[in-house]
Amino acid sequence: MKKRFMTHALGMVAASALVFTGGIAQAKDSITIAVPSFLTGGAAGPFGIPAMNGAKMVADAINKGTLPAPYNTKGFGGASATLIELDEGGGATKQVAEYRNLVEKRNVDAIVGYISSGNCQALAPIAEELKQFTIFATCGTPRIFEEAPRKYVFRTMGHATSDNVAAAMYVKEKFPDMKGYTGINQNYAWGQDSWRDFDLTLKQIMPNSKASEKTQFPKIFAGQYGSEISAMSLDKADLIHTSFWGGDLEAFIFQGAARGLFKKKIGVMTVGGTAAYRLGKKLPDGLVLGARGPYGILVKDRKSVLNQWFVNTYKNIYGIYPSGPAYQYGQAILAAKIAYDKAGSDASNEQLADALRGITFESFSTTIEMKLGGGHQAATENGYGITKYDSDEGENVVTDVKFYPASCVLPPDGIDSVDWINGGMKGAKC
Amino acid sequence: MKQSKPILEVRDLLKTFGAVVAAKDINVDVNRGEIVGIIGANGAGKTCFVNMVTGYLKPTSGSIVFDGIELVGKGPREVTHAGISRSFQVSQVFHTMTVAENLTIALAIATNRGVRALSEMETPELTLQRDAVLKRYQLENYKDMTVNVLSQGVRKLLDIAMAVVSEPRILLLDEPTSGISVEEKFDFMDVVMGALKEDNVTVLFVEHDMEIVERYVSRVLAFYQGEIIADMSPKKALADSKVQEFVIGKRH
Amino acid sequence: MLRDNTSKVVFIGGILIIAFGFFAPNWIVNQLMFGFSRALAILGLLVLWRTGLVSFGHAFYFGLGAYTVAILDIQLGVTDVFLRLFGGACLAGLAGFLVGFIMRNYRDIFFAMLNTAISMVLYGIIVKTESLGSTDGFAISLPTIFGVAPETKYPLFVVITVIAMVSALLVNFYLKTTVGRLTTPIRDNEIRVEYLGFSVAHAIHLKYTMSAILAGGAGALMAMSLGQVDPDSMINWTVSGELVFITILSGPGNVIAPFIGSLVFEVLRTYAFELAPHLWQLIVGGTFLTIIFFLPGGIWSLIVKFGRNKS
Amino acid sequence: METFLTILLDGLQFSSYLFIVSAGLTIIFGVMKILNVCHGSFYAWGAYTSAFFIGKFSEMGMPDGWGFLVILASAIVVGLVLGFLIEQVILKHMYHRDEVLIVLATFGLFLVLEDVILIAFGTDPYFAYQPMALLDSVEMGGIVRDVYGLTLIGVAAMVAIGCWFLLNKTKWGTILKAVIFDREMGIAMGINVPLVYTLTFIGGAILGGLGGAYIAPTISVAPGLGTEVIVLSFAVVVVGGMGSIMGAAIGSLIIGLLRALAVHELPQVELFVVFAVMAVVLVFRPEGLFAPAKPRKI
């Protein structure tokens, strides 16, 4: 028994020694980037793993210098990056503890990632406290840059407001006769914000439609929605909004489709893009599908060199088309490269932040303008399409794709989303 | 010996479990300093009587008055506080602790009532007291042994010693010699009775062994089918025809 | 022999650790803070465990303490570390006192499960209530100490260590009192305890309330040292499981054991997470089983053995 | 009326699900006095195994109807293999230990098995929609329902009747009841208690696996699905009374129907309902609605 314990203890000592030497060996020709993503739990398959794949693929290409121009220089400011893969699961509190370990124990140079809004919201103040250069890749809640100015934290994609404002506008354009709408969203910041923005926008732009009084907010990862589907089937509303994602979304689509829910009602799925490639024929036709911006299935056919590189390389390596999270993590890594290229591989956190603040850059599928939240929050176009199974190709496609420019679906810098929508979306240029 | 007022007055005690009558019409007065033997066949209601007096069972009706206090409705703890202790047919001690620890706990609970339970348990005075008890009950040799490894006889001694440390005025012993070999039983009872005499306790004890009864008690209560059929001196009782038929006869 | 020196060891060890923390890197200070905070809850569970009671739901009190700090911070703007701690521990203690009226009648697995049930009720309420942060929880500002907002975590670390020391000493004293010694006796034979004149229900109620106060204090300190609370990390049944796990890991031998056990757990989890991010549950669960099977006395029994071999 | 019927059906369907997953838990508790935390693992393993093989068989071109056989086979295989291994390798050596320690051991096992699933099946979710697609849907009370979901009610009824029959009409039931009533007495009567334990544990494991295997076609089978189930089945068992099949049935009905009512009429309180029922029962009948009062032995 004692022996067992001792080996254990020795193992730990050895492990810590490894980590320390790793820290010392770090020089200007290499940097470490921590990439947190869901590696376990229901969100891993649809979100976490593609996201991690996107990050690895892009980092690898950067290390080798094989990205298309203008990003064909080797490395991050010349340094080659090692990625540390981390699980994002286990709750915000655990992530806070892990984040501190990343910074204070493992001395990573940059942290790029995070899918859950709950995690991002908890980590933003910690990142500021520790003065750690951090790029949020996918999480969506607008609160991060609205509740306090940030100095070290960035987000390289649009926030949830643009998803839901764009969804409302798309609905107005394609379904002008829609009389009533209801929603099913997860019971946390992401779901609550999404529903609120969608609801408020429709109140502004389609004042004749009516929101249902009974909107559903099941717990995240609930998995079974039988009663909710019944309740929505009986609801008079002719449209259902959902910001479900990952396994929850797929379960909901299955269960809803089996019960003809999407034949009777218009389904609007702001994060539906991740399901498109994975579900194949099982995805019902006629869903309004978003990808939280110009990513995944919505932009598969964009002809730019960068986009074609991304789509083809990803398909080659992983055997499937890249979904939204792959793009989002890929472009966050790209943003890190841009910051390092500008500030140098030995740059301080401040210098890196200065380098990224307020810039505009060309990402794989779109142009990213870091113009909100004092130059920390990206503004991008956002769009929707309608699903259709292409039986010739044996895969899903989207039709009627329509994109709205950033200035149309996002508030100007310094104005909170809710105030902006309630104020009639002043200054929106559509 | 006799004093004007009995220390324990039991009146019209009745205990039923559904249709089964476990005790009926029990009327007993016990005087200070008496040593009372309770005899009867298995299931005659002896242990039931002890359990009622010590608050383990609540009588269906009747009253038990101890030194002017009504005991019916009180639980074991309150009965103990009032001044009645008991030992058990199967010794009830803390079997994973040593003999010394058992006694220390018993003494500490007896001494530190109420808020004083939050004062440090092991004081030098307590240790002295404990050693005195160990000596009086001839338990010194077993002091540091865990109860688990001890013989039934030693456990029963410990059981009784623990019951007595609270300095009760009445002590009820439920079959003190059961499980003790024939050779040991008189030695055992000598130790117990000698120690109890020092403390001047009134004792009621349930016993099957008529030799023990004859030798140690001043008065006998014979139970049959939940009722007391004889209440007299041991000599008379053993000669009594009813006792012979219903108590002794059945046993042999 | 070790037992007699417990107070001294706590006192000297505490001072040494405070001095060490001044020079130690931040992450080690963090681990110590987390470990010591959680250890308070373990102290309470140790008191229960010695009595033969294992609660599979003490995350209820842990979470109450943590959320009290969050509410004090966000709703009332209370920043003082002692006020927050006091609030968390008191609320948890009050809840423990009330729940104790039910719990004191239950033993064994029923005790364990009723505790889980009650903690899950709180979990259900918080997860569903937007104003209580639902699944996201709250961020908590760094506490002030005597009105001063510290620049680093070190002062908070000192406060936590001192509170840990005081708690260890108090519990150590409690375990020497008459009611404190009523652990094995209650486990062995409740009837005898009653007949000796002590109410088992009262003794258990007292222990239960104590453990609730300690768990509440632990939650409050944890919330402050992490700067974040959320239901899955603070109240869910898995958290209760973790607390029990650390109790078993530590062993019931001594009030110092919970502190060692908590630190070992903190380190184990950190490295499991670092070396095998996919498999940290397997490592933690495997360790758990190993301890249950091969080291029932926990880490403390190793220390005792080591001490014996030496002398 | 439409709404009423819908709530009733929704409630029954959810109750059935709850009953299937909690029946195994309560049986194991009743006989062995073990609160088996790794019941959630049986559920998860059942779900993964059936989803995996339904997918594989479908790829191989087998008719979709085979899916039902796969479901049953998965439950039995998972129950036999996991149940047998866990009981023989871990639990058997713990019966002399504290009950609570056994709970903790099953908790440790649960953690381990969660990650073993990841090793065995990877992180990608599995879909096994074929059996659900095969049965199509019907319109009832103005809304479309999938027939597969409705069959859940039948499966639950079969499990309930099966348990009742086993306990009350067979020799095995008599033996089980003797052991449930008093373990020592069982031994004294010459019952091979270790064998009873092994078989009970396997039986409970099969029921846990069946819950997962049967629900798999309706969900995305992804890591972490066992955690939720433990909490739900736990709530059912606490409400119904630990160790009582009847209690589990009534507990499932109460929780399932109330939850359906909440989703339709007051969605905000949906999750809370489960725990509110639990809290109310705990306060007024802490031993659950149907648990036999446990005699305290002197």
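Order of writing sets the chain letters: A, B, C and D. Residues in each chain are counted from 1.
The rule is short, and it goes like this: contacts are C-beta pairs under 8 Å (C-beta built on N, C-alpha and C of every residue); 3 or more make two chains touch, one makes a residue touch a chain.
Keep in mind it's a predicted model, so treat the numbers as computed, not measured.
Engineer: Can you name the chains that touch chain C as well as chain D?
Structural biologist: The shared contacts of chain C and chain D, listed by label, come to A.
Engineer: For the pairs B-C and A-C, output the one whose chains share more C-beta pairs in contact.
Structural biologist: A-C
Engineer: Quick check on this structure: which chain has its C-alpha centroid closest to the centroid of all protein C-alpha atoms?
Structural biologist: So the chain sitting closest to the middle is C.
Engineer: Taking each chain's centre as the mean position of its Cα atoms, how many Å separate chain B from chain C?
Structural biologist: The answer is 44 Å.
Engineer: Measuring centre to centre with CA averages, how many angstrom lie between chain B and chain D?
Structural biologist: Here the centre of chain D sits 52 Å away from the centre of chain B.
Engineer: How big is the gap, in whole Å, between where the Cα atoms of chain A centre and where those of chain B centre?
Structural biologist: For chain A versus chain B, the centre distance works out to 77 Å.
Engineer: Between chain A and chain C, what's the gap in Å when you average each chain's C-alpha atoms?
Structural biologist: 37
Engineer: Listing for chain D: what residues touch at least two other chains?
Structural biologist: Counting only residues that touch two or more other chains, chain D contributes 118, 123, 268, 270-271.
Engineer: For chain B, which residues are shared contacts with two or more other chains?
Structural biologist: none
Engineer: Quick one: which residues in chain A touch 2 or more of the other chains?
Structural biologist: 39-40, 187, 219
Engineer: What chain pairs are in touch here?
Structural biologist: A-C, A-D, B-C, C-D
Engineer: Considering only the defined contacts, which chain A positions touch chain D in the complex?
Structural biologist: Chain A reaches chain D through residues 39-42, 44-46, 48-49, 89, 187, 214-219, 221-224, 226-228, 230-231, 233-234, 246-248, 250-251, 254-255, 258-261, 264, 279, 282.
Engineer: Spell out the residues on chain C that touch chain D in their complex, using ranges where they run on.
Structural biologist: 52, 54, 56, 102, 105-106, 108-110, 112-114, 116-118, 120-121, 123-125, 127-128, 191, 237-238, 241, 244-245, 248, 278-282, 284-286, 288-289, 292-293
Engineer: If we count contacts the way the header does, which residues on chain D are in touch with chain C in the complex?
Structural biologist: Residues 33, 35, 37, 90, 93-94, 98-101, 103-105, 107-112, 114-116, 118-119, 123, 227, 230-231, 234-235, 238, 242, 268-272, 274-276, 278-279, 282-283, 286-287, 294, 298 of chain D touch chain C in their complex.
Engineer: Mind pulling up the chain A residues that touch chain C in the complex?
Structural biologist: Residues in contact with chain C: 1-2, 4-5, 12, 15-16, 19, 39-40, 85-87, 90-94, 96-98, 100-101, 104-106, 117-118, 121-122, 125-126, 129, 186-189, 192, 219-220.
Engineer: Can you name the residues of chain C that touch chain B in the complex?
Structural biologist: Listed in rising order, the residues of chain C that touch chain B are 173-174, 176-182, 184-185, 187-189, 191-199.
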